[in-house]
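One chain, chain A, links the two complexes that follow: it is found with chain B in the first and with chain C in the second.
Right after this comes the complex of A and B.
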C-alpha cells in the first residue's frame, strides 16, 4: 500500500511540473468561456431582457449545459457547443501523454521498482483522476474570480440568464439537481473518461487514444444514450431538465461502475500485453 | 534535392502510420456512405416506379460527406482533419533531429535541400491524407446516386445564394467539388507543415502532433463563440459551408499566412542549423 502512495506522490509532483503550461491553457480556456457569457449578458442588457449580472452558478451552468438531443431531420447543421466540447477535449489534452511517460527513458525504472505492473497502472489511473479534478478546480477558480470582477459572487441561479443565455429554465433546477447534474456528474464522467483514455494508452499510442476520445465526445453529443458516457456531463440530457432524459442517479452508478471496470481491465491488459514493445 | 524528395516520399509510403491513418479516414467516410448515401436507393426505386414528375431525385452533391452537415461522420471528419493529417508525418523533423538521422543526411547532401524536401514531402503527405478518404466517399456516392446538377427548388442543398461559389455549385457542381478538394488538400498540407515546423523547436512529441489540432479547436471555440465563425477553418473547409459569410479572401489569406510562417521558419532552420 505504501508503494502506491509513493507512486501517486511522484506522479502529482512530476505531473505538475510536466503539465505547467497546460495549467495556463486551462485558465485561458475558462476565461474565454466567461468572456463569452459576459458578452452575451451585455447584449441582452441592452435589450432589457436581463436585469441582474451572472453569478458563479450561471457561468458554470452555461459551460456544462451541453446540447439538446440532435435531430438530423430538422436539417440544421450538427455543431457541438464550443464550451462543452472544449472542456471535454481540454481534459483529454490535460491528461495528455503523461501516464505513458514512464515507458520511455529512466521512467521504466518506476515500473520495475513499483514491484507490480498492476500497481503502476492503478497509480496512473489515480493520477488521471487527480489531473481531471485539478482541471475542474482551475476552471471553478477562474469562474469564481471572473464572477467577482464582472458578475455576482453568489451561488444562485438567475432565471433571466438561464432563459436568454443558457436557454434553460432555471426554475426547475433545484439545489440538489444542480449539485448532481452540474457539479458531480460532469466531474465523475470526466474522471471515468480520462481513466479510460489512460488505459487505452497502454494498448495504443497516446495520439490514437486522444483520437478515440474525440470520437466518444462527438458521438455522445450526437446520440442520446446511456452507452455513451459523456451524455451524463450535459445537463440538457438529464431527466429533471428535459422530458425523456437520462436518469442522473443511474448515470452516477454507471460512471462508478465504468471507473472500476476500466481499472480492472487495465490491470488485466498489462499482465498479458507487452505494452513497451507491442503498442500500436 | 530530387534525391532527398525521393527518400522522404519512400519513407512516408513505407510508414505504417500513413496507411493506418488513411484507413481511419476511409472508415469515417465509408461509414457516412453506408448511413447516409446508401439508404437513398430505396427512395430512388420509389421515384422510378411511380410517376413523381415534380419530385427531384437525390443527387450525390448534397449527400456525400462534404455536401451535407447533419451526419456525425461529416462533423467528425472535418473536426479531426488536422489530427489525421499530422499523425503520419507531423513529428518527422522532430524524430529526425532526435535520432540523429539528420546528421547522416547532412554529410550526404546540402542542409537546404533536406529542408526543402522535408517541406514539400510533408505538404503532400498531409494533402493526400486529407483528400483520399473524401475521394473514396465521392466515388462510392457517384456509383450510387446520379450526378444531376443541383436544383435550388429541391431545397435539399446546403448552398444558399449568398454562399461562396453558389453560382458555380448550381451550374458546374463538379468544378465546385474539385476546387473545394484543392482547398482541403492545401489545408491538409499546411496542418502537417505546421506540426513539422513545431518539431524543430518543441521538445514534447505529443505536443508537436497535437498542437495544430489544439489551435484548430481553439479557433472553433473562441472565434465561433464570438461570432467570427467564417474565419474558423473547421467551418470553411467543409464544402457544405456550415456558416454564412465564408469568402475566398479569408481562405487564401489564412493559407498564405501559414505558408509564410512555416516557410520562413524552414528557411531560418536551413540557414542556421548547426548540426555537424
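Right after this comes the complex of A and C.
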C-alpha cells in the first residue's frame, strides 16, 4: 500500500510538471466555451429585450449537453457537438502520453523499485483518473469565475436559458438528475475512457491510442447505444431528459464495471506484454 | 547458482537482439560485459533487471522466475542509459524522492552514497546545473543507496575524470565485498579487466565467458 502511495505521489508531481502547459490549454478551452455561451445569451437577450444572467449550471449544461440521437433517415447533416467533442478530446490530450514517457529515464528508477508491473500500471491508471478530475476541476473553476463576472454565481438552472441555448426543459432536471447526469456521469465516463486510453497506450503507440479515442468519441456521437460509453457523458442521451434515452443508473454501473475491468485487463496483459519494448 | 539465465532469446521487431543466452552468476562477484556497440550488452543488462521480457527462455534469481514469480529482482540497483533526474531538485532531494518508494534507505545511507561517488551532500545546486560527470555520479549513487544485492551498471565511467574513475572502481569493489553481485558493462577493456572477476563477451546477441 505504501509503495502505491509513493508511486501515485510521483505521478501526480511529475505528471503535473509534464502537463503544465496543458493546464493553460484547459483554461483557454473552457474560456472559449464560456464566451460562446455568453455570446449566444447576449444575442437572445438583445432580441427578446429581457435580462438573462446565466448561472454556473447553465454553462455546465451547455458544455455537456452533447447531441440528441442522430437519425440518418431524417436527411439532416451529422454535426458533432463542438463543445462536447472538444471536452472529450481535451481530456485525452490532458491525460496525454505521460505514462509512456515515464517508462524511460527517471521513470525507470520508479518502475524497478515498484517491484511489480501490476502495481506500476495501477498507479498509472489512478494517475489518469486524477488527471481527468483535474481537467474537470479546472473547467468548473473557469466556469464559476466566468459566471461570477458575466452571469450569476449560483448553482441552479435557469428555465428560459436552458430552453433557448441548450434546448433542454430545465423543469425536468431535478437536483438528483442534475447531479447524476450533469456532474457524475460525464466525469465517471471520462475517467473510464482515460484509464482505457492509458492501458491501451502501454500496448500500442500513443498515437494509435489517441486515434482509438477519436473513433470512440465520434462513434458515440453517431450511435446511441450502451456499448459506446461516451454516450453517458451526453445529457441529451439520458432518459430523464429525452424519451427513449439511456438509463443513467445503468450507465453508472457500466462505467464502474469498465474501470475495474480495464485495470484488471491492464495488469494481466502487462505481466506478459513487454511494454518497455515499444521504445527500443 | 544465484542467477541463472536459461536459453534467453529476445526478438524485437523481427531482429534477434539476444540469442539463446545461457549463463549463470554467483553472489559477491563482479561480472564484466564486453562487446562492440549494438552487440547486446545493454539488452542483457536490461534482461537481468527485468526491464524486458524474453521471447523464449527465462532468468531465475534465487529460484524465482523473473517476469513470472517476480516482476523485477527483489533487491537491485540500476544505472542503465543516461541517468535522468528532476532538474529542479538537488542531488540529495532526488535521491530522497526515489528512496521513498521502498523505504529501505535512511538519510544517512543517501548522504553516504553521495559521498562515496564524490558528490557534496550540502551542494545546493540543482540537478539541472550538474555537469555530465556529476549527473553520472548521481546515477551511480541512486543505484547503490539501498545496498542492493544486484548492482547493474551500464557504462558507469562515461564522462568521469581519471580521479573519479578510480573512485568508482574502488566503490564497485567495495560493493562486491559487501556481498553484491555486480554486472558491469564498459567499453574500456583496461578498466574492466582491472576490477572484474569474470568477463562475458557479447557478440551479435550471443554471450560467452571469456577464456
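Criterion: the second predicted complex is superposed on the first by the 273 of 280 C-alpha atoms of A that agree within 3 Å, B and C clash if a C-alpha of one lies under 4 Å from a C-alpha of the other, contacts with A are read in each partner's own complex, and residues count from 1 in each chain.
In this text, a contact is a pair of C-beta atoms (placed from the backbone, for glycine too) under 8 Å apart; a residue touches a chain by one contact, two chains touch by 3 or more.
Just so it is clear, the structure is predicted and the values come from calculations on it, not from any experiment.
Engineer: Considering only touches as defined above, state whether A:48 meets chain B (first), chain C (second), both or neither.
Structural biologist: In the superposition, A:48 contacts neither chain B nor chain C.
Engineer: Now for A:93: first (chain B), second (chain C), both, or neither, which partner does it touch?
Structural biologist: The first partner, chain B, only.
Engineer: Examine A:10 and indicate which partner it touches, taking first as chain B and second as chain C; both and neither are also allowed.
Structural biologist: Second partner only, chain C.
Engineer: Is A:114 touching the first partner chain B, the second partner chain C, both, or neither of them?
Structural biologist: It touches chain C, and chain B stays clear.
Engineer: Could you say whether A:72 touches chain B, chain C, both of them, or neither, answering first, second, both or neither?
Structural biologist: First partner only.
Engineer: For A:206, is the partner it touches chain B (first), chain C (second), both, or none of the two (neither)?
Structural biologist: First partner only.
Engineer: Tell me the contact category for A:215 with respect to chain B and chain C: first, second, both or neither.
Structural biologist: Touch status of A:215: first partner only.
Engineer: Please report the chain A residues shared by its interface with chain B and its interface with chain C.
Structural biologist: 280
Engineer: Chain B touches which residues of chain A in the complex?
Structural biologist: Those residues of chain A that touch chain B are 25, 29, 32-33, 36, 39, 72, 75-80, 82-83, 85-86, 89, 93, 96-97, 206-207, 210-211, 214-215, 218-219, 222-223, 280.
Engineer: Considering only the defined contacts, which chain C positions touch chain A in the complex?
Structural biologist: Residues 12, 46, 49-53, 67, 70-72, 74, 76, 78, 80-82, 84-86, 97-98, 100-103, 142 of chain C touch chain A in their complex.
Engineer: Over in the complex, which chain B residues touch chain A? Could you list them?
Structural biologist: Per the stated touch rule, the residues are 20, 24, 69-72, 74-76, 79-80, 83, 87, 204, 206, 209-210, 214, 217-218, 220-222, 224-226, 240, 242.
Engineer: For the complex, which residues does chain A have touching chain C?
Structural biologist: It is residues 2-3, 6-7, 9-10, 14, 17, 104-106, 108-118, 271-274, 276-277, 280 of chain A that touch chain C.
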